[in-house]
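Next up: some structures, all given as structure tokens.
In the two complexes below, chain A is the common chain; its partner is chain B in one and chain C in the other.
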Partner chain A sequence: MKKQLGFYVDAKRCIGCFTCAMACKNQYQQEPGVIWRQVYPLKEEIYPHHERAFYSLACNHCEHPACLEVCPVDAYSKRPQDGIVVHHQEQCIGCGNCIRSCPYGAPRFNPVQKRAEKCSLCWQRLDAGLDPACVASCPTNALTLIDLATFADPGAVQFPPGFPKMGRLNPSTRFRQAELPKIIKREDVS
Partner chain B sequence: MTPSFELPLVIFTILSQQAIGLTLLYALRTAGRSARPEPSARIQWLASAGILALGLVVSLTHLGHPEGAPRAVIHLSTAWLSREALLFGLLVALMAVTGFLGAVRALVIAAAAAGLVALFVQGMVYAPPSFPAVNNALPFAFFLVTAIILGAGTASWFAPQDRQPFLRRILVGALVAGLLLFLISPCIWLSGGAIMRLTAVAYFASTLYWAHIGVGLILPLLVVLAVRRIPVWLPVLLLAGALCGRLVFYVDTVHSAVNLGGVY
Partner chain C sequence: MSPMTKQAMERILENSVSRRSFLSRLLATGALAGLPCGLLRPGTAEAGQVWEGGYQTFRNACPRNCYDTCSIISYVKDGVVKFVEGAPESSFTRGGLCVKGNSYVRRVYSPDRIKYPMEQQGRGSGNWKRLSWDQAMDKIARKILDIKERDGSLLGLALTKYSGNFGITNYGVEGMMSSLGYTTRMVGTPCWPAGIDAQNFDMGSMWCNDPEDLPQARYVIVWGANPAWCSVHSMKFLYAAQEAGAKMVVVDPVFTQTAAKADEYVEIRAGEDCALALGLCRHILDRGLYDREWVTAHSVGFDDFAAYLRDNVTVEWAAGKSGVPIAQIKALAEEFAQARPATIWIGYGMQRHVNGGAAVRVLDALVAMTGNVGKPGGGARYGHLQTWGFNYHAMLQKPPEGSKGWLGASGPKGEFDVSGGAGNAKYADRALNINKTAQEILDAKDPPIRMLWVACKNVLSQDFDRPKMLKAFDKLEMVVAVDQFFNQTVEQADIVLPVTTLFEDWTVNASYWHYWLSLNEQAIKPLHEAKSDIQIAAALSRRMNELAPGSCTFATEIDSKDWMAREFNKDIYDLFGLSSWEDLRKGPAKAKLASSASWADGKFATPSKKYEFRSDLCAKNGHDALPMYKEGRAPYDKLRLLTPHHKFAIHSQFQNLDWMADFNPAPFVYIHPRAAAQRGIADGDMVRVFNKVGEVRLAARLTSDVPPDTLLMYETWYKGLAFNCQNLVDDTSADMGAYKTGAPGVAIHDQFADVARA
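Entry: the complex of A and B
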């Protein structure tokens, strides 16, 4: 398998502190309302516990990206060396087709530039030997960078509950699912 | 993913479908007849071209950078939007040429066929995986029914008297088909996944949805059945109803990203 970088989201470790989202914002200074990385609390139907679990999500740098396929001006490309999906904003005409078509809502509309934009997996930082800003900032190591060509965690899942199953796109994000805590009550102790 | 009215696209899709509908209905009602075109053929075809051209111009206003619109045809290999842009550009030219040449039969058939293909391509643009409720043939079906309803209605302004009953029958059939399609589709979504159910609930809760059903489908159907002709004002009512329906399509079809962290 060719090198394909992706995020590993460890929902068991994530505490929902939003540091990853803030680090992304600090790094790229996006316009207000433009969010490349967002932390989503799992809804009670999926994680039925009063403490919450979270998925930190950005672009999934899919093997067959919807954004790349639908863009009429070919403003997206997939880097052959690591599979990162790059948006070339200067080519974008702001039609919004990628925003409508990505099932994960990764591309966003920049109202000032009047063009789309999305997570770049910090390819400039990677090329300089650094981790993506979100990964570098995570205080619990819940967000890491993986290469699917060498990643072999049997416990990892691609489509956990709460993450739309889009097999054809083959998103590169992998997850460790949150576990419900073991609750011991007084009556359980003999 | 915040839903928005996308008014330029609402107007573009409706006008383009009206123009294609006119084309299809002309081809249908002149099929198998003498090779002589209708007396108003020229003006009708030029009207079709004008309506489609107007829609295309309006569609440019939804772009962040309209000056880049000519580049929208460069990704034909995978982008349905590129194919749509190219096809509709060619179609408007074909309609205009057909008008100028007096509705030559071969051009009429070519334009009608191109119109059908264009509707299919337009349907594919609006069937991405991010909208599970319409990630299927429904957009094409919606657009085809809208094209025939608007086409039959508008054609009544141009067609000679002896062909009005034909247009009335087509309009009644299309209105019944549209009524079934637009009422049954959300009911089917109710039996689907979470996002499909959210879409169905949003449609049923929308005033515009019921305005489309009532003003755009039921009322015209009752009028045509009662007076047994297409009144001259009816196409305006059909257009208003279709606009309501298209607004619902853009605003209330739920995107899969709205429920991240929840059941898909």
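Entry: the complex of A and C
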């Protein structure tokens, strides 16, 4: 398999602290309201406590990216050397096709530029030998960079509950699911 | 996921204010004309940057009174901070920051920053007029001289300052007050004083193990702390302990994020920590699982404690009080006592009760009787001040000749008071309880408080009983607030002075949890007209001495870097293995510890030099000599109300930034579904939360993360929202704190309220 970079989202270790999401803003100084990485709490049907388990998600750098397919001006490309899906904002006309087409909500509208933008997997940092800003910032090592060509964790899953199953796109993000502690509730009020 | 994307999109489309448009507006209005040139370059401080290399880097330190006190590297180009990262040299933070630290650039360049001195025409009116620094200092200096003339002293001038900026040179604010004469000080700490006293009685000092030795623990109880939100960099050490086979148990009234990561979560009735801990001690005693050898060699009073347990405590009683089932208490006691080493992280939340100090003493006893004090991977971990031995050069200033002040005894003015009190001086400052600031202002006489200086603190967001505080402010003739944003205290101030962020001046920062020391370099010139606290003091001293020569002893010209350097001494250099403070420019330094464990040599700082289960000093300070049960506060309303810290803020800082609002736009009150159903409240409903103190209106979230008898909302300041949990928190004292910090703590979590649909 060719090199394909992606994120490994370890929900067992993730504390939902939003450090990764803010580290992205810190690196790119995005306009207020523009979010490349979001930390999504799992619904209580999936994890039975309000806002206690999370998936930190940005662009999934899919094998067959919907954004790239629908872009009328070829503002998207997939880097041959590592599979990063790059948005070339200078070519973007702000038509919104990619924003409407990505089932994961990765491309976002920049209200000042009036164009789309999204997670670049920090390719400029990677090319300089650095980790992506989000990965470098994670205090619990819950968000890591993987290469699917060599990633071989048998416990990892591609479509955990709550993550839209879009097999055709083949998103490059992998997950480990959150766990529950043994819970001892108070007797006097239960 | 799609509804979320839609919401995010809606937020994007609503929010049209960007930094670039703000800067271009500034240019258009000529506001940039008054700035030193080259500071703000719209072309380089713009959004949409990418990593490009070639940055100038500076060492900074997060000064926000947080466990983690992160070492920061700021990346600067053309005089603008482009982004920040954690310092990789620190093995505690390992190159990380938290969500708040990663928002710092936005804070520096926020369009909401206070840019120059301003005067408000009518408190709360929002009718602010710009002043020059000279005008502002003149108004303030004349007021101070007016008070001195009317009262014959400066006791009518009060300072309230805490840890909003925890740099060592920020103690120059206290220094500024001392340099004017004897003033009134709000003393003590709202944070951790009950536990400080408790640990002083038991061991002679507050001194925790290095948190980096947590992986050596075989059993960890996190009791009333939420490091997953409030010390994110500690979590990897807890995980490492778990991965090495340790069990992690969280004891908390709320199913916190830390609880979700534990092996076992024990829900406890808030304020009954004492009872549960005593039940554990009794069961360990009954099973003979205590460390007889350690107790004999290293402690006094254990037999008295054992007798107290046998006569007054049963596991059944502890279960009834705490709500924790009998079988679980027994299992927890047996597991904890048989794991070596075992440790308890004692949170600050659990001592914010009328019996909080008593509870910390029992937890200390539990760790001590199982032989876990003085052991790497063990310990009753609460905090430490081992790395705070600075000169306090900025703080220790002399009053002008002939100053008159308070006659009478003077205790410590907080946990960092190194002045040793008034000594042989005839006069002292007037000490009032910081945790009852409103009541103290209302009650102060001869002279009354006429003027309040607020620095490194947000009185009207954080101090207790806000309705009473507003009344107290009505008594004040002048309020000066030193801040970065128009927050809820600035709203009620007469004059506001803009203060620098960490990137704009020099200082040095230590932690009360880990053992790293960080230099804070000036990375950029101050924005707008901001000055640091010591530069403000120098400016005030200049004007005071122009109007009345000799009326202020503070230096009138200060080199901030030199003043930072003057805080160092040989002991600090030796402790950290430094030859000069300049070494810290290469990165933070860690204290050279003989052991990762506190009290490793078994020599305690108590009168007996041993661990004191029986503390006569504690008795002399008006408490029980033994770690004993102390009743909690009787409920004064239907539900308990907890107001802990949020992950997006530290007190009233950070949540106000637009970047933070992108992730957390509004507050909620969290209600158990059963309590909500009884009141006809559905998820998302607007509700009123009310009690004898006041009322708060906000949206409800239904969750079993809180028990059915408890309401929870986070203590935070949201820009543009009236939300303020201090409308529901009174100023009832905790049991301990007066011994080491000058005033008792405050029972923040012994509050009660009811809720109804709005």
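What we mean here is this: the second predicted complex is superposed on the first by the 180 of 190 C-alpha atoms of A that agree within 3 Å, B and C clash if a C-alpha of one lies under 4 Å from a C-alpha of the other, contacts with A are read in each partner's own complex, and residues count from 1 in each chain.
Quick note on the criterion: a residue touches a chain if its C-beta (ideal position, glycine included) is under 8 Å from a C-beta of that chain, and two chains touch if they have at least 3 such contacts.
Here the structure is a predicted model, which is why all the values come from computation and not from measurement.
**Q** More residues of chain A are touched by which chain, chain B or chain C?
**A** Comparing chain B with chain C, the partner touching more chain A residues is C.
**Q** Which partner does A:Ser101 contact after superposing on A: first (chain B), second (chain C), both, neither?
**A** first
**Q** Once the shared chain is lined up, is A:Lys185 touching chain B (first), chain C (second), both, or neither of them?
**A** Once the two structures are laid over each other on A, A:Lys185 reaches chain C alone.
**Q** Using the superposition on chain A described above, determine whether A:Cys122 touches chain B (first), chain C (second), both, or neither.
**A** second
**Q** Between chain B (first) and chain C (second), which, if any, makes contact with A:Tyr40: first, second, both or neither?
**A** both
**Q** With the two structures laid over each other on chain A, which partner does A:Lys25 touch: chain B (first), chain C (second), both, or neither?
**A** A:Lys25 sits against chain C, while chain B stays out of touch.
**Q** Considering only touches as defined above, state whether A:Gln113 meets chain B (first), chain C (second), both or neither.
**A** Once the two structures are laid over each other on A, A:Gln113 reaches both partners.
**Q** Between chain B (first) and chain C (second), which, if any, makes contact with A:Ser137: first, second, both or neither?
**A** second
**Q** Look at A:Val85 in the shared chain and tell me whether it touches chain B only, chain C only, both, or neither; answer first, second, both or neither.
**A** Neither chain B nor chain C is touched by A:Val85.
**Q** I'd like to know which partner A:Pro164 touches here: chain B for first, chain C for second, both or neither.
**A** both
**Q** Intersection of chain A residues contacting chain B with those contacting chain C?
**A** The overlap between the chain B and chain C interfaces on chain A comprises residues 38, 40, 99, 103-105, 109, 113, 162, 164.
**Q** Name, in rising order, each residue of chain B that touches chain A in their complex.
**A** Going through chain B, the ones touching chain A are 1, 6, 62-66, 68-69, 71-75, 78-82, 85, 125, 128-131, 195, 255-264.
**Q** Hey, which residues of chain A end up touching chain B in the complex?
**A** Residues in contact with chain B: 38, 40-43, 45-46, 54-55, 57, 66, 68-74, 91-97, 99-105, 109, 113-115, 161-166, 168-169.
**Q** Mind pulling up the chain A residues that touch chain C in the complex?
**A** Those residues of chain A that touch chain C are 13, 15-19, 21-23, 25-35, 38-40, 49-53, 89, 99, 103-105, 108-113, 117, 120, 122, 124-125, 128, 130, 133, 136-141, 162, 164, 178, 180-189.
**Q** Note which residues of chain C are touching chain A in the complex, please.
**A** Answer in residue numbers: 1-2, 4-5, 8-9, 11-21, 45-53, 82-86, 93, 95-100, 102-106, 228-229, 232-233, 235-236, 239, 250, 255, 257-269, 319-320, 322-325, 328, 647-648, 658-663, 670, 701-705, 707-709.
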